[in-house]
Structures are given as structure tokens and as C-alpha cells.
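Next, two complexes with subunit A in common: one pairs it with subunit B, the other with subunit C.
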Partner chain A sequence: MKKSLVAIFLATVLAVNCFAVNKKIVMDGSTTVLPIAQAAAEVFMDANKDIEISVRGGGSGVGATSLVEGTCDIANMSRSMKDSEIQKAAGRGVIAKANVVAMDGIAVIVNPSNTVSALTKKQVKDIYTGKISNWKQIGGQDVKIVVISRDSASGTYEAFGSLALDAQKVRSDALTMASNQQIAVTVSNTPGAVGYVGLGFISEKVKALSIDGVIPSKKSVLTKEYVYSRPLFMYTNGSPKGDVKKLIDFIKSPEGQKLVDEQGFVALK
Partner chain B sequence: MKKIKEQIYKILFSVLAFSSLLFLIGIVFVLFWQGLPILKNIDVVGFITGQLWYPTHDPAEFGILPLILASFWITLGAMFVCVPLGIGSALYINEIANEQQKSILKPLIEVLAAVPSIVFGFFGMVIVAPFIQKLLNLPTGLCAFSASLILGIMAIPAVCSVTEDALSYVPRSFREASFALGANRWQTLTRVIVPAAGSGISTALMLGMSRIVGETMTVLMVAGGAAVIPTSFFEPVRPMTSTIAAEMGEAVIGSPHYHALFAIGLVLFLITLVINVIAEIISKKYRVKLGLSR
Partner chain C sequence: MRKVLAVLVLAVLFCTNVFSSQVDMLVNKMVDLNLLTPGDAQQIITETNQDERSLIAAGTSETLPQWIQNMSFKGDFRTRVQTDWAVNTAARTRARIRARLGIDTRVTDGVKVGFGLATGVNKTLGTAIGSDVSDGEPRSTNWTLQNTFSKAPLMLDYGYIEYEPVGYAKMQIGKMKGNPIWNTSDILWDTDLNLDGAALFLTHTLTPELSLFLTPEFITIDESSTDSSDPSLFAIQPGANWKVNDMLNVRAAVAYYAFNVKDKILDFNAGTNTGSTTGLKNSFEALNPSIELTISDLFGYSLGLFSDYVVNNSSGEQNVGYAAGAKFGFAKVGDFGQWQVKYLRRWLQTDAFVDAFPDSDSYSGKTNVLGDEIIIEIGLTKSTSLTLDYYAMDAIKGNSQTTPKSLLQADIVVKF
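== the complex of A and B ==
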């Protein structure tokens, strides 16, 4: 009697699961786009109770691989897809389509106790490629520079490499962190540190430097005055359709762009 | 009817027993199958002794010497922490603690083993690293030293429980004979009991070492991640395990980067295999020397 009750209960639970009507959208990839994706997902799910959105972040590279393998519907990326990724996608029958959802500036941040407030593009490149190792060489205190970078899965890493370093190698003794947030936390804890994060990750705990005289801000990114400006993408398989299209249209709409702005990034208009 | 049931059980249990062997063979096969293609891009010597790890650069560079050395240094440092603390606590619990202390200490050490490694990593990154940074006036607390400290603490329960079991297997007659010959407790402990439990203690150390070498999440968060040959213990380093964890998610399947990561896994596997084989050899030598037929 007891055994058959347990069996019936299990069968019912499993059967009910099969009838679950929640449609699912999976977003994966960039940790820069992550706050935008999460904010949009929350508002979207409130307005559409039958759609379930899950957002993951492992870096733009992870998003690209995920889209190619079909394990996500939207790949958040803070860089454009590489040719090799597009080819791999085509080989699997996935046509990667880019949808620009916001603009972003990569800010170079230092600890608030650092006396340096401005750098030139060349100085940033020299710090990150290993030519400058002490803050006193660029007018700061006599403190060793602790260079912080991202690991290779990061779109911000690739974007910074092409915008700031002219595709040269980051110095081999740079620390590597897994996300924008981790860089922000480490820079705020380490007096001699320098790191790079998306605009939305600047807070009072870190100091954003002006590069070539331009302070990173929404205005200077929109007018392209700030040198490290870049678009943020959401890649889909082919043109967005159905619920995915609804979500991306929502993010591009004035209401969605307001969320982008609230998260600290730059809205498209 | 009963005979058939027995046969079925026999077959079922043999299948279960051999399944672990099957998994092991499967893992080794995949490591070789996916790891060896990296030899199309670089030769074995270049891979293992190369000093630059830039797998996504154009042209890519696959030298893993800094990664191997980082794993080595962190393991060495962690052993310095877990050997005295682990064996010391086992000796205390087995020989010196009274029943009441034993009943508190043993469960507490087991609880330390139950803490997930990500919690250790988080604790290390947020509390230990800034503390060490301020204490020793370092540029950053995310270094090999912090990682070794935390990994050593993580390995203590493993080392302690196996050592404690080994010590308890030493026959009472050894102890009694030693006392009868006039040795005091310290002499008995260091010259009779510990050598007699030698095979068990070396097994415990090897178990701790394997655990430390394979630890991923903690070193990912605490060691700093700089793929450079360490010149001091207080510099950020990047061991092999955290390299695989950080980069596997984005490596396009079938790319040289992907094969390079599998090759690192293969190297890691071979290192752990060598450690275990050495442990077996040492432990056999101890057993033969003492005439213990276990």
C-alpha cells in the first residue's frame, strides 16, 4: 500500500512537470552586459508571467560558445564575434545576428587613495604591456603598480586589447579576474592597483581616470569623445523571433533603455 | 529461484565495481584523445618548458612552465601548513587527548572537511587576502602564500583522519614493549609509534597532496591569476587547475586552445598518478620493513 502511494505521487509530480507551460529564455555571456540583462529580465518577467528568463555570466567568449552549441538563446557579448566563432557557428547551422543594445565605455580605475587622476592613452598602454611598473614613473606615489586584467573569456579583455593596447600582449604578471565586479572589488581593496571595467561598475569605492583629458561618462561615450567606447551586443541565432524578439525589442524600447541608463551604461539614442 | 537471484546480485555488484574502472579508463582516454592534438601546434618540450601562456593571442603561445611551477609552489607551501597541523592534531587526538576532548575535536575536524571549497575561496579572497596584504605590506594579498595557507587548512581534515586511523592500528604490544624497555611517552611516540604507522601516515600525506594539487575554485579566487614564473612566494601566480577552470568555458571546441587545456589536464593527471604511485611504493616499503602483514 505504502509503496504504491509513493509510486503514484512520483508519477504525478513527473507528469505535472511535463505539462509546465513556462517558456524559457536563456541568456549567457558577458559580465558587462549582465546587469542590463538582469534588470531587463526582471521587468520583462513581471510583465509576461508565462515567460521564464535565466541569465548567466561567464564572459563574452562563453556566451559565443553557448550560442554556437545551442545552450542559450541570447549571447550577451561586450565585443563583436570573432571570425572563427562565426565560422564555427555557421558549421553548426547557427547564423549569428548581432543586436546592439547599449553603448559602453571601458573606464580605467584606480584606488581612491591614488594621487594620479589622468593618464594618456600611451601611458595606459605602457602600464599594461609592462613598460611602466611604478606609479612614480607617471607622477604618482612610489608604489608598485598592481596591474589587474581579465581572463581570456572576457569581451572586455578583448575590447580593451584592441582599443587600448593595439592588440599587444598584456604583461604576464598581471592578475586575472573573472568578472568586472571582481576587478572593482580588488581595486578598491588594493592601494597600488589599476584595472578596467565597464561604465556601470564605477562607484565611489574606485576612481575612474580621465584618458587623454576626457573623463569617461555617458555623454563622452555617446559622442565617441572617450577613446575606449564600444557597443554592447546581444547575439541571437538568426533574426530574433517570438519571445526572444519581444525581449530584445523591450530592451531597445525607451523603457528598456531607461533601465540601461539606470545601470550606469549609455542608452542608444 | 534463489540461485538465479544470487547470480543476478553477483552480476549487479560486479558491474557496479567495474564501473569505476570504466569511468577511469574513459577519462584517461578522453584526456589523451583531446589533449594530444596540441602537438600539431607545438612540440612536447616547447609546451612544458615554454614560459609564455597567451592562448588567445594572434599568434597563440602555449607554454605551461609558469602554470606547472605555480602548482608546485602552492602545493609545497600548503604541505608546510597541513603536515604539522594535520599530523600534530592526529597525534594529539590519538595519544594525549582524554575522552571528552576527543569527542569534541574529532567531529569538529570532520566539519572542517565538510566546508565547500568555494566558501574557502570566498573567505580567502574577502578576508584573508586583504588581511595578509595589510599585515605584510604587500602590493596585493592575492598571492601564492595566501593560497597555500588556505589550501593547507583545507587539507588538514584529510591528513588528520587518515593519520589518526593509522596510529590507532599500531598494536598495543608495540606501546607496551616500548614502555617495558624504559622509554618515556615522548620517546615511545616518536621512535616507535610514528614509524610503525609510517605507511598510513605517508598515505595520509599523499592523500592531502592529491587534494591540494587538484583544488580549483580556491586557487582561482585567491592565487591572483598571473601566468608568470614566481620569483617570490608573495607574488600572484596561476596554477594549472585555475587556468583550465577560467578558460574552458570560452575555448571553441576543436580549437588549439581547447586541445591545450585538455593537455594541461593530462599533465595534471599524470602528476597525480606519479604522486599516488610513489605513495604506494613508500607505503609498501614501510610495511615490509616492520613485518606488518597488512
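== the complex of A and C ==
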């Protein structure tokens, strides 16, 4: 009898565990915010074994759509939500709540062999809108400028467009890349190339230019002294609650901000 | 002490109705006084600004009156000079204006009401003094400047209720804005027509690049107190939108129309369908495929190629029509110096489609027409544009010596 009871008890515990479902948090959106989200998810899941976090990219626009349609819990975005996205969200009963988790600078990068180290805002705009096509026009070598940009779904593209180009169109011969990483690799392999990436993607393989006399650094981005500075967001539907709140609070905590710093972005604390 | 002060100020900020600009000032001052770090300041300023936008969109902000938050307004004003030429007819030049104002208001989650006012021409129903007036030209919102400074009538151009319970399904009912059925040109439906009835808009996203849509609609065309079978239309249009790559987009659909108009005389018909003025001979069961290709970046500009085709299966002859064209320039003219050129070739046989609905500027909206149209649009400011629109038209079956007609319109449009 005792053995039967123990067997039944063990079987019940086993059955419950088999049907136990891990709580899940889905994060969608920006490829810029992706490294922060992935690093934070890894540490958070280690400390919270019953929570599963799925992190997907696709661009800030994808994140916004996903939040509005209810297919994600957190929309990672490297730009603020557009008015049209906020209106659409409100129409579906979604109150888009912005949670700033880090600051980022958009660095203009060139190949290390390029002799140009500084540009003005106007020169960056003229390069990207087609008015300047050779480095010699701005004091550099006689080399054709290979202009590299992001695809239109990218928040980095939108942010660069509004911060650097006054919403003007990027020149038609610009090469389009799908991620910050691709831009960094292409610039590092192409002597005449110029591109723009999040601060976290600067490495010794590329050279970041100073813009209007200010080098993109953590300090100059946090104080917004550097002109191409932007906040990075994790949008939620209303104020974060439950496990989502725990995750956002963790990312904003000193431990989470340390991860932000390690990924090459600018911590808020 | 400083920390206590910082906490107290922040508490006041978040417990009272302060505008975000005031928050910015206070927070920046606190950074200057070392009461807050720059990082905390960025967080507070940015999140406050974003929260205010979301609250306004949801209609729950306490910094603006409720009725403003839930409403959106838009409209435009157009001045036009147009000249008509025809063989053996004196050229006619008219100065015309058009005013349109639309209001959308979000009633509750998923429910919206939209209505719009527009100028037009009215007609008196009956000869007795005090007779009711009605729209005298459904295919136009123009008012010709005439009759010694007569004032232009303003009418309800559209008014509808929209219900969107989920992202992939939306329903409209009432006097809807435009035609729910998508076409690439106005060969079948004048763009000033706002259809009466109900429509369902269904969409389905298969992949990020490929989405499907299905639009059934039921339209009431007229109401007769002596005929229980009122003129009406059932139409349904399945279609797809395919983003082939970053540069190329294709949209295609096929509309099926089942008109209930046989033996009926429709108001405002153009008199060219067989039986228009005595009782339509055909029931107009028509198929209308449409396709549009858009190349977003060709030498820095957008190129669009488009076509509509129609075949009226209830008629054995003179039952086919098409429009085909191209547009090149800025995808949307929205600033000084931006431009777009559009060319359209149209050909519409006598009984290809109901003659009460095609573009009224194209040979007075008749069927049995063929011709070319060219439109040049130039941006003057962010919200103002100049448009030149030229039609060179003729009858398909007619006396080629006397039937050609031309029309030139010069418009200045201001949108707000």
C-alpha cells in the first residue's frame, strides 16, 4: 500500500512537471538594441529558470508592428514610435509605453586607411545626398566615396535620416546593408567607404569620425554633445507588469546597465 | 538635503499636470545643480515626452481637452482654371474652386466615425418653392465661380462608421470615403464618388513581403418608392501585395462586379450605355483585373507602371475597356521642387461599364471613348502643389471630324 502511494505521488509530481509551462517573454525589433536584449536575456534567464525569453530582430518597424498586433511583449526600438504607430496602437487598445534602456550614438565610420578624421554635419549630409562624391572634395585622397546605408526598415536608418540628413533621401548609388555588422565589415574592407553604425559596432577595424569637432564617445552621447545621439527603447503595452517589469527593471539596474556598457552602448547610470 | 530636494521636485512633476516642456526645463536645471545624473535626466525627459504622445493618442492625456485628443482634422482647398475645346464649339474657360474638410473621431477602441464636407453643385428636387435640394453632380466637388459672386454650397461628402475589431478585419458602413475597391486609374470610377453601402476589408500577411487582401462590398445606387428591386451593386475583390525586394513592389487584384441595373435608368448617367435613357439593356456583370508595379529608386526617382482592364460579360459586344499608364518622379509630391509626371491611355467601349461612374473629366464621363491624359504635378511648398492636367479624347465610334475634345486644367492645391 505504502509503495503504491509513493508511486502515485511520484507519478503525480512527474506529470505536473511534464505539463509545467515556462513563462515566456518575447522581444522583437531593432538590430541595434538586439545585443543589449540578448545579453540581458541570458543573465536574466540564468537567475530566473522558469522564464524563457525569445529575442528576435527585424528592425524597429517590425518591433512596433509586433507590439501593436500583440505578438511580442517588448518592442526593441532604436527610434521613438512614429505618430502613425502610436495612433494605430491606441486604436487597438495598446498604450505604447517607452522605457529608455540606454543611449546610443550613431558613428560615421570610414576605412582606417582614409586620411579624413573629421567632418562637419553639412559635409556628412552632402556626402549622403549626393553633393560630394570624392574624398578630395573634403581634404582627403583622390578616391571615390563608396556610400553605405541601412535598409529602410531599420531604426538606425530612420534616426540617421532625421539626425543627419534632415529627412532628405539618401543618394541612389548608396549600397544598402541589412545590419550594423554588415556595414562595419564592408567599411573595414573597402578603402573609400563611409557608413554609419551604432556606437556598439565601432572596433579597431574601422575609424569613427568626429562630427562638428566632437568625437562620438559615451560621455558626449550621454550629454548629447555629440550631434548624432539617440535613446534606445524597449516599448511595452502600458507600464510593464509581472515578469516583463522584472526584466525591464533588471536592464535599468546597475547590473543591467553594466551589460549595456559591455555591449559598447552608453549606460544611463 | 540635495537628494531630498530632487525627490520632492520629481514627486511634484509626476503628481501634477505639467507640460513636457516644463519637465525638460526642470530636469535640466536639476542636472546643472548636480541633483540628477545626465543619464537619469535623459531617461526622465525622453520617457515623459513619449508617454504624453501615447496618452494623447489614447485620449487620456490631462493636458489637452478630451475632444481634441480623439479627433483628427484634414482638408484641402483647390483653385482651378480649366479650358474645354471641341470641334465647331467655342472654347469654354471656367474658374473653379473646391473646398474639402474631413473629421475623424475615435469613439471607442476599434470604432471610428468619419465625415467630410465638400463643395459641389446642388439641384432642386421639384419646382415648388421650398423644394428640397440634393447633390447635382456626384462625380464632382467643383464650384464654378459664376452668377455674380454666388456662394458655393457645402454638402456632406461622406459619413461613415468604421469598426476594426482586429488588425486583419475592418468594416465600414454609410456613405464611405471613396471606393473600397482598389483600381490603378479612374477609368471606371471617378475619384470624387463616395459610395453608399457597406464594405469589409480583410487582410492577411503571409510573409513580411507578401500580403493578401479581400474586399467585398454591397452598394446601394438608388432608391425607388415604386420599385422593390432598387439599383445596387455587389462587388468583391481579392488581391495581393508583393514586396519583391527593396526596390520593386507589385500589387494586383481582380474585381468582380454584379450590378442590379438591368432595365433601370440611373440618375446622372452619361447617356452612352445601350438603354441609358430608356432602361439599361445590360446587367453589367463585369470582371476587372488591375495591376501596378512600382520601382522605388530608378536614377533616384520612383517609376510606376499600372493598368486596369474590364470586360462586361453580360454584353456580347462593345463590352471591353482598359487603361494603362506610367508615372515617374517623386513617389509623393510633398515639398518645394518635388515633381511627378503621369501618362494614361484609356479606351472604354460603349457597354464595358456603367456610364454613371467613370472620370467625369474624361469626355464628360461617357463610355465609347478613347484618349490620352498627361498630368504634371510640381511641389511649391510642403503642403502646396501646382498641377497641370491635359486630356486629348475622342469617341471610339463617331465622326472623327467632329468628336475630338480636349481639356486643360491648371490647379493649385493647398492641403492641411
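We take it that the second predicted complex is superposed on the first by the 250 of 269 C-alpha atoms of A that agree within 3 Å, B and C clash if a C-alpha of one lies under 4 Å from a C-alpha of the other, contacts with A are read in each partner's own complex, and residues count from 1 in each chain.
As a working rule, a contact is a pair of C-beta atoms (placed from the backbone, for glycine too) under 8 Å apart; a residue touches a chain by one contact, two chains touch by 3 or more.
The model shown is predicted, which means the values in this text are computed figures rather than measured ones.
Aligning the two structures on subunit A places subunit B and subunit C in clashing positions. Looking at the shared chain after the overlay, A:K121 reaches neither subunit B nor subunit C. When both complexes are overlaid on chain A, the residue A:G192 reaches subunit B alone and has no touch with subunit C.
Of the two partner chains placed by the overlay, only subunit C lies in contact with A:L222; subunit B stays clear of it. Touch criterion met: A:K144 reaches subunit B, while subunit C stays clear of it. Shared-chain residue A:L175: touches subunit B; no touch with subunit C. Once the two complexes are laid over each other on the shared chain, residue contacts for A:K246 go to neither subunit B nor subunit C. Looking at the shared chain after the overlay, A:S152 reaches both subunit B and subunit C. In the superposed model, A:V68 makes contact with both subunit B and subunit C. Taken together, the two complexes place residues 58, 62, 68-69, 151-152, 169, 172, 176 of subunit A in contact with subunit B and also with subunit C.
Residues 58-62, 64-65, 68-69, 84-85, 88, 143-144, 146, 151-153, 158, 167, 169, 172-178, 186, 189-190, 192-193 of subunit A are the ones touching subunit B in the complex.
Interface of subunit B with subunit A (complex): residues 52-58, 66, 129-130, 133, 139-142, 220, 224-228, 235-236, 238, 246-247, 249-255, 257.
By the touch criterion given at the top, residues 58, 62, 68-69, 80-81, 83, 86-87, 89-93, 95-100, 103, 130, 151-152, 169, 171-172, 176, 222-224, 231, 233, 266-269 of subunit A touch subunit C in their complex.
Residues 37-40, 42-43, 46-47, 50-51, 53-55, 57-59, 106, 109-110, 112, 164, 167, 208, 246, 297, 299-300 of subunit C are the ones that touch subunit A when the two sit in their complex.
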